[in-house]
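In the two assemblies presented below, subunit A is common to both, partnered first by subunit B and then by subunit C.
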Partner chain A sequence: MNKVTQKLLGLVSDLFGKPDGAYNIREDSLCAGRKSSEYIRIESKTDKPGIDIIVDAGAKGEKVYIPACVTHSDVDDLVYNDFYIGAGADVIIIAGCGIHTDGEGDSRHNGIHRFFVETGAHVLYLEKHIGIGEGTGKRVINPQTIAEIARDGFMEMDTTQIEGVDSTKRITRAVLGEGARLVIREKIMTHGSQSAVTDFEVELNGDGSGADLVSRSVAKGASKQLFRSRIYGNAVCSGHSECDAIIMDGAEVSAVPELTARHVDAALIHEAAIGKIAGEQIIKLMTFGLTEKQAETKIIEGFLK
Partner chain B sequence: MNKVTQKLLGLVSDLFGKPDGAYNIREDSLCAGRKSSEYIRIESKTDKPGIDIIVDAGAKGEKVYIPACVTHSDVDDLVYNDFYIGAGADVIIIAGCGIHTDGEGDSRHNGIHRFFVETGAHVLYLEKHIGIGEGTGKRVINPQTIAEIARDGFMEMDTTQIEGVDSTKRITRAVLGEGARLVIREKIMTHGSQSAVTDFEVELNGDGSGADLVSRSVAKGASKQLFRSRIYGNAVCSGHSECDAIIMDGAEVSAVPELTARHVDAALIHEAAIGKIAGEQIIKLMTFGLTEKQAETKIIEGFLK
Partner chain C sequence: MLELKNVSLRLPDQKEILRNVNLKIDDGKFVVVTGPNGGGKTTLAKVVSGIETPTAGAVFLDGCEITNMGITQRARFGICYAFQQPVRFKGITVRDLLELAAGKKLREKELCNYLMEVGLCAQNYTEREIDASLSGGEIKRIEIAAALARDARITIFDEPEAGIDLWSFNSLIDVFKGLRKKGRSVLVISHQERILAIADEIVVVAEGEIRHHGPKAEIFPMLLGEQKQIFCPQQEGRL
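The block that comes next holds the complex of A and B.
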């Protein structure tokens, strides 16, 4: 793998050296390294670009790294990755995508990830997106996450896009069975003329299912953000959606959370707040010796932690 | 005016006998009574059905009644009413619409109300909708309220639709200038196979403007409700939207509140909650001697108060 990939892997997966577990490293639409482990098989798809990641039933404490890197301009990467998480397994999946542009051409990564979470399985899915490089070409990342969570399955998604991605459309769809749970924590920061769209849709179909979707974002410069979430309560279930955004400079932020209760025992809640950093918070930190800029940075760090 | 109108007036405007103030009573698309007062003129439109209500600048403590009644089946009423509220005036407008059907034919009232609230004026707008009668014809009420609120103007809307309206689409649009305020309190109850759609859109264009939109609803039977609100913060402003719904039986409720901040000093918040009546609330009231049904009724009354 090349030097840019090595740098990107550190940024998106905290990977420095060889991963401890199964892994597949994608570099400019090719495979730059792969390893299956005792309980996790990684296989190339035969009908389209991408891999199948098969986690054995009952596997515990396993990790799998599947970062994707685009290291130069003029790459249009499309990949389909399917995750089969066997019953009762407990696994951490470290995804993430880094794009480096070095020229005028745009580069794009579209990752379409499907999760089949079997009965009682637990998945922690970590996804970090970043853009770097001196190129003027746009860095575009459009992830799609489609999850089917079976009875008592539990999926946690922790996604972060802090800088350098010019355009992103993040689509997440989930269908939950009986007793299944989904927790999403999303953090986004945009600046310049970047745009970010988040689109969650969750169907709570099983009795006792629940979803908790929380998005925190900071919009700087002339960037634009749109947060959409739709929760359908079709059973005895609970759903919560929250979107908190800090708006700065000349940015624009929209929040459109949608709740639909189709069952008398569906309990659904959402909250959203958009506003700037409170002046008194900045003044407080300035009395501790920080400059206004430093105070602002500190508050944003805390907000996105 | 006929007996049905007299009954409907009591229900929608608490009017029994002559109103104390200016009034215009609409009965089956005709005028059943009108009176201007010293500071409020009511004039028929010449280009389309409807009236102009002109409130003099500085008029204080004035009231105007403008109920509309449909007293039988097969009426399709459409009316355009424009309200000109002079600078500094302080006025209460009691609108409201009652529909009585007695046959198989549907009856419909579409009221398109425009408000021009001048500098510093204050309007309290009360609007109650009801449907009665033994007819199988549908009772349909589609109100549109379009408000322009000038500097430091203040409009309060208090709208209630408790029973008997089979279908309603309630559209409210408001554009607020500097220091202007809008407060909306909406209460809706649907049952059977009724449907209710609420659609608010508020543009906060002036510095210091603010909107507070609160909707409370109860959906029973197989009824369907959709609550939409859009608040655009285009200036130094604050906006709040809240939708709380009790779902019962086989009803369906959707809440889609949308916030868009286009100014760094726009502070926007929304909240929504959909759920059934908490079991412990019912049990508590039952220990005081109420039946389950009575307890439920009590809780709903309190919720919609």
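The block that comes next holds the complex of A and C.
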């Protein structure tokens, strides 16, 4: 494992030593380390690049780390990771991708993650994306998350992209069964000429299912963001999506919500707010002795915390 | 000592919000500014804290002119302003706000003390975001707690009683008494009789002017007595 990978691992997974659980570390499209644990097996796919992560039914308090690192320019990484979460299991999955470019060529990582969450299982999925390096090549990360959540299953997804990624298209698809729940918290900051597209689509198929999708973002410079969410309420269910964006400089932010109810007891809500930092927020922090710039930084830090 | 000399503030449409205001606030004094709504009290507070710049006149702190100082500089110089309508922030917690006000990390005990002084239980509030989930009374008390954490030489409270329930009002009075005991200068904009009752001095502002300024013993009875309508221009025979 090279030094760039070690640095990226710290940034995307807060991983500075040996992981305290099962892990698979991907470095420039290759495996840089893997370990299964008593209740979690990690196996290579035989038909395409990627791994299967199989969590035993009833496994509690287990962790899996599956970071992916691209350490130089001219890498085009594509990976298919499938997670099978057994009934009643409770697991934390720490994913994330870091790209470092050092030359003129672009580097990209396309991670396609499918989750099969069985009855009553709980998954906390943490995903952080970051780009670093002095190279002029573009850093591109296109994650796809596809989840099937069975009866009473619960998936929480916390996804963050704060800096250094020039282009991203983040696709999330989920299908929920009876009593299943999905909570997504997304935080994005773009600057310069970066672009970020978020595309959520959730089918609430089971009675008592529910989804709560919240995206907070800050768009600086000449960057562009598009937030698109579609929730289909096909049963007695509740769905909420929220896009809350701070726009600065010459940026552009679009929010395109779509709600479709196909059941009389489907309760669906969307909230969208796009605006600059309120002047009174800056003034308040200036009355504490902060400069205008410091106040702005604190407000953004808090917003994306 | 805070001093305003011939301060006026005229809006671009020529409407005069403050007219030739002259005011001296001595160190360690508890001064209540009162008067009818729309009379210029909040604008006066904003001129002192640097949020508004006067179109004429000058502001001094300890003999040093601060008229052209910005909000940040004045805050660092020792002026704190607790807003009439506190600002909400998404993602910033009560702990964050109090630490920003204090300019340092606060220990749990310190946080707890500031919140306790305004009648809030730290355990329930320190990690809460200062967003729309807080009631008007809660956010008002947090605003006051932040002003306490700031521990400035001069603190301006703009209608601190607004939204505060009757049960918490007594602790609010104790907060002001405590500040006075510490020798801090306090300027409170208020209409509340019980706040007026603990003032060292009372300033009456109406139509952008200082109508009266004097010791509580002199002004307070006047406010409560028959002359309570004197700040109505019609009754004063000025219209």
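To be clear about the criterion, the second predicted complex is superposed on the first by the 305 of 305 C-alpha atoms of A that agree within 3 Å, B and C clash if a C-alpha of one lies under 4 Å from a C-alpha of the other, contacts with A are read in each partner's own complex, and residues count from 1 in each chain.
Just so we're on the same page, a contact is a pair of C-beta atoms (placed from the backbone, for glycine too) under 8 Å apart; a residue touches a chain by one contact, two chains touch by 3 or more.
None of these values were measured; they are calculated from a predicted model.
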- Item | Touching partner for A:46 - first (subunit B), second (subunit C), both, neither | neither
- Query: What's your read, subunit B or subunit C touching more residues of subunit A?
  - Reply: B
- Message: By the touch definition at the top of the document, which applies to A:264: first (subunit B), second (subunit C), both, or neither?
- Response: first
- Using the touch definition from the top, say if A:287 reaches subunit B (first), subunit C (second), both or neither. second
- With the two structures laid over each other on chain A, which partner does A:253 touch: subunit B (first), subunit C (second), both, or neither? first
- Item | subunit B and subunit C contact sites that coincide on subunit A, given as residue numbers | none
- Task: Name, in rising order, each residue of subunit B that touches subunit A in their complex.
- Result: 233, 245, 247-262, 264-276
- Spell out the part of subunit C that touches subunit A in their complex, as residue ranges. 49, 51, 70-72, 75-76, 79-81, 83, 86-87, 89-93, 96, 100-101, 103, 146, 150
- Which of the residues in subunit A end up touching subunit C in this complex? 216, 244, 278, 280-281, 283-292, 298-299, 301-305
